[in-house]
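Worksheet: the structure to be examined is printed underneath.
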Amino acid sequence: MNRAPSIVVDKLMKRFDTFTAVKQVSFQIHAGEIFGLLGPNGSGKSTIIRMLCGLLTPSSGSATVVGFDIARHAEEVREHIGYMSQKFSLYNDLTALENLQFFAGLFGVKGSALDERIAWALKMAGLAGSERLLTGELSGGWKQRLALGSAVLHRPQVLFLDEPTAGVDPLSRGHFWELIHQMSREGVTILVTTHYMDEAEYCNRLALINQGLIVAMGTPTEIKHLAIKGTLWLVECNPLGRALAVVKQAPGVIDASVFGAALHVSVDASRQPLTELPTFLASHEVRVDRIELISPSLEDAFVSLTGDRTFSDESAQ
Amino acid sequence: MNLRRCAAMSCKEFIQIRRDRRSLAIVLFLPLIQILLLGYGARLDANHIPLYVLDQEGSQHSQALLKAFQASPYFNVVKTVENYGALVRAIDSDHCKLGIVIPWNFSERLDDSGRATVQAVVDGTDDNSAQLAEGYAQAVVANYTSGVQVDWFARHGLANQATSRLSVDDRTWFNEDLESKNFIIPGTVALVMALMGALLSSLTIAREWERGTMEQLVATPVTALEIMVGKLVPYLVISLLDAALCAAFAVAWFEVPFRGGLGTFFFTTTLFLIVILGIGYMISVATKSQLGASQYALLVTLLPTTMLSGFAFPIHQQPAPIRALTYLVYSRYYVSALKRIFLDGAAINELVPQIAAMTIYALVVGFFATRAFRKSLQ
Amino acid sequence: MSDEIVAISGLTKRFAGVVAVDSLSFTARKGEILGLVGPDGAGKTTTLRILAGILPADTGSALVAGQDVLREPEAVKSRISYMPQQFGLYEDLTVTENIRFYADIFEVTRTVRQQREAQLLEASGMSRFRDRLAGQLSGGMKRKLGIACALIHTPQLLLLDEPTTGVDPVSRRELWSILYSLVFEGVTVLVSTAYLDEAERCHRLLLMHQGSRLFFGTPTDLKSKLPGGALSIISSNPQALQMATAGEQGVLRVTAMGDELHVVVDDPDRRLDQLRERFDSTGISFGDMRRIPASVEDVFVYVVSNQQTQQAREQ
């Protein structure tokens, strides 16, 4: 894997009138890396992407994509990137082939390269022989791969994926990521933006974004461990309602929430919840059926890093 | 039907209308602007209508009548001819719009019995001008002396065609000052009501589908009838207010006479609005997009009302098959009723045919509208 | 069973030749959260719409809150609440006006409405926004208002269509805690989701795939369907590791995540040792390797692949 930086972002900032959407973000992505920008709607990730695509000029700071400055050479930037947004990029009333031809035309793919690339895209999507099917009639997984194909006809060095696998069934999703991994092996830099936690797990590295700032950056594992102070435990107990009410007062308990028919309790690392929690709960007439150590998920990390009130903002949009 | 649920729908609709400043402005100002434009713009009055005269008698009496025409601002006596053929040719070749023939025994008959007849041949191709010419001529002659009758004939611009006999339309007599605006404006009120009513109601159901609130609404106990009535009542109230505003404006600004009763006015307007709102509602149910709905609404109301309701183009002058078609045009009855209310002061008992027709329409539309909306996503 | 709020049997629905719901059968008990879990196109929305009485079914039987919803859809509507994905809020009405509208539609008496309204707004932290137009609320607030409107008439059953799709994790948690509190009050909740991991938050779940029922039961029962378990291997180059692991004996499925390899095996303990030996002997580097609980996605893929191989064999 080529370790040269492919995307370099340095103190990028964007202000719209009085609202600062992006507040000085910095990161570097290497060629062949799958990098994720993880954050909810309104966190600023879409603004960052637009700037990197050369669609918005930054208010301050700078960024280069495959060596081209986004502010000064936006046109060159756009020639070297591919953008895939599964829900929006394809025309439902065109056939698969027509869609590919259209995008090929947009990217200036011509001549012999045109036929070769279109054939490649169809094969990759598994649509060779079915290219005359209307795109609108394809199911999620096929559309997704077709959208991917249409985004890379011009062999870009950087690929932006915007929530590419939302709602798609797991088998198709697995297939899709295999294709992405293939591209990554070939040195294509892949930048994924999403607010789906399970999608983020496929990224080599992540940057968690909230309200215009990066709150954490690292591999998924690093972030999970960074965020969770202490250990996370699954506690099956009865009655659940009372358990939830009292467990937060147990010594060393940082937080607790209901999860299905059990509680997820995060406990300070210095304690011994395996023995302490059942005892404590028993003293409040709550029976513990099972207690097990579990790994924190990205979601746990996210919630813990961003906290309740800063995130779920009550102010008007 | 549950009144509380129905009232809830109406309240919600009222609040939404109140908060939609743009639509509110359109609803209030558009009708006034339309009346203003049509009232001033659509002048069908005419002055200096070219007139040819054939004076077969050449007496003092006939000359006096001629002078009366010359003195009138409505006519311009272009020429006197010597024979009937020349008169007819002049009309056909568009040298004049009206020809008066004073017979050889004009004075004799007047002196003897106090009654005489003159002939008038009018260019019947453009019915509006013909009507006006008829009216003005009638007035001039009547002014001269009450004993003179006019025999009316018409030419329709085709060579070698016989001159047909005409009966004078009664309507002209009620518009004594012969101001065309008094004709046009009541009709305009009808046009405006049709347009407003249909546009407003055609958006209501489509809007809920587009915004995604309809899916939830049909999952609640509210019935299709309650939805319909609840949604249309606010539009009925607003349209009635609009109608009153338009009528008031017509009277205050254009000095159109309003001789009828307010009760009759509101009753007939309500009947008409039921038809219009019902049609708009059905369009809204059928077309789930607001854009499509408003286009259909315009098509279904503006077009027939402008062309075929008698608002500007008198029905009796239309060819027979078109005339038959106008019986289907619901706005025809309302236009007719409005003119009678404004200009004649007609009361409900005098408008039975119009009211009966509108009631039938209201029942038919109501029937189909209630069944149009299905509480289902299919 | 008397505490069954929902009883569905053989439910089928077709749209222009495509079978959206295929002979579906399941139940839901009073006071439980039943999840309709499956990717896009599984038939979740169609099923919920049929249960809400707003879409007719082709065949089958559906008893909801004691009413036959297929024969008499209107009868069920006063006892349940349906919140579609776009949660029917009137953006040009205030928070209070929205709640009042639904209260009137459901004929909630004034005193009850005032009480419930205060309660619900307080619980969702929206008391300050009573007079704000719904269109000016943030996404999360709108969702909470939608739920408040759905609960104002104290329904027995709540049908929610993908309420967590596109929602940030904190709001998602808040939403689930609201659902759990409803359960404590005895309300039954049917919630659909495309997030397979949300299956574990439900008391029971109906796993759906292309209109059919893949599985119906508790999350624990679902996990047991997978013969074996899962392993997690941390690595800086998961793809290279994947190639080495894929062909190994006992490995059912390998997925390369961002920084770890997710391996589904038939015998976790045995295969863990086996793989460790393999990597050590061939000099492949890896980080922490341990046994992890199989995810719902693992089971989903396993069951579906099995089904597909079975179907292929039958043909």
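So that you can tell them apart, the chains are marked A, B and C in the order they are listed, and the count of residues begins at 1 in each.
Everything that follows uses one rule, which is that a residue touches a chain if its C-beta (ideal position, glycine included) is under 8 Å from a C-beta of that chain, and two chains touch if they have at least 3 such contacts.
None of the values given here were measured: they were computed from a predicted structure.
*Asks:* In terms of CA centres, which chain lies closest to the overall middle?
*Replies:* C
*Asks:* Most C-beta contact pairs, which chains?
*Replies:* A-C
*Asks:* Averaging only over C-alpha atoms, locate the centres of subunit A and subunit C and give their separation in whole Å.
*Replies:* Centre separation, subunit A to subunit C: 21 Å.
*Asks:* Could you grab the centroid distance between subunit A and subunit B? Build each centroid from C-alpha atoms only and quote it in angstrom.
*Replies:* Distance between chain centres: 65 Å.
*Asks:* Distance between subunit B and subunit C based on Cα centroids, please, to the nearest Å.
*Replies:* 61
*Asks:* Touching residues of subunit B toward subunit C in the complex: what are they?
*Replies:* That would be residues 2, 4-5, 7-8, 11-12, 15-16, 19-20, 211-223, 375-378 of subunit B.
*Asks:* For the complex, which residues does subunit C have touching subunit A?
*Replies:* Residue positions touching the partner: 38-42, 125-126, 128-129, 132, 136-141, 165-174, 176-177, 180, 184, 194-197, 200-203, 209, 218-219, 232, 234, 237, 239, 255-260, 292-293, 297, 300-301, 304-305.
*Asks:* Which subunit A residues qualify as touching subunit C in the complex?
*Replies:* Residue list for subunit A touching subunit C: 1, 34, 36, 40-42, 139-140, 166-171, 174, 177, 181, 184-185, 195-198, 200-206, 219-221, 241, 257-261, 294-295, 297, 299, 302-303, 306-308, 311-317.
*Asks:* Could you please specify the touching residues of subunit C with respect to subunit B in the complex?
*Replies:* For this pair, the touching residues of subunit C are 49, 52-56, 73-74, 77-78, 80-84, 86-93, 97, 101-102, 104-107.
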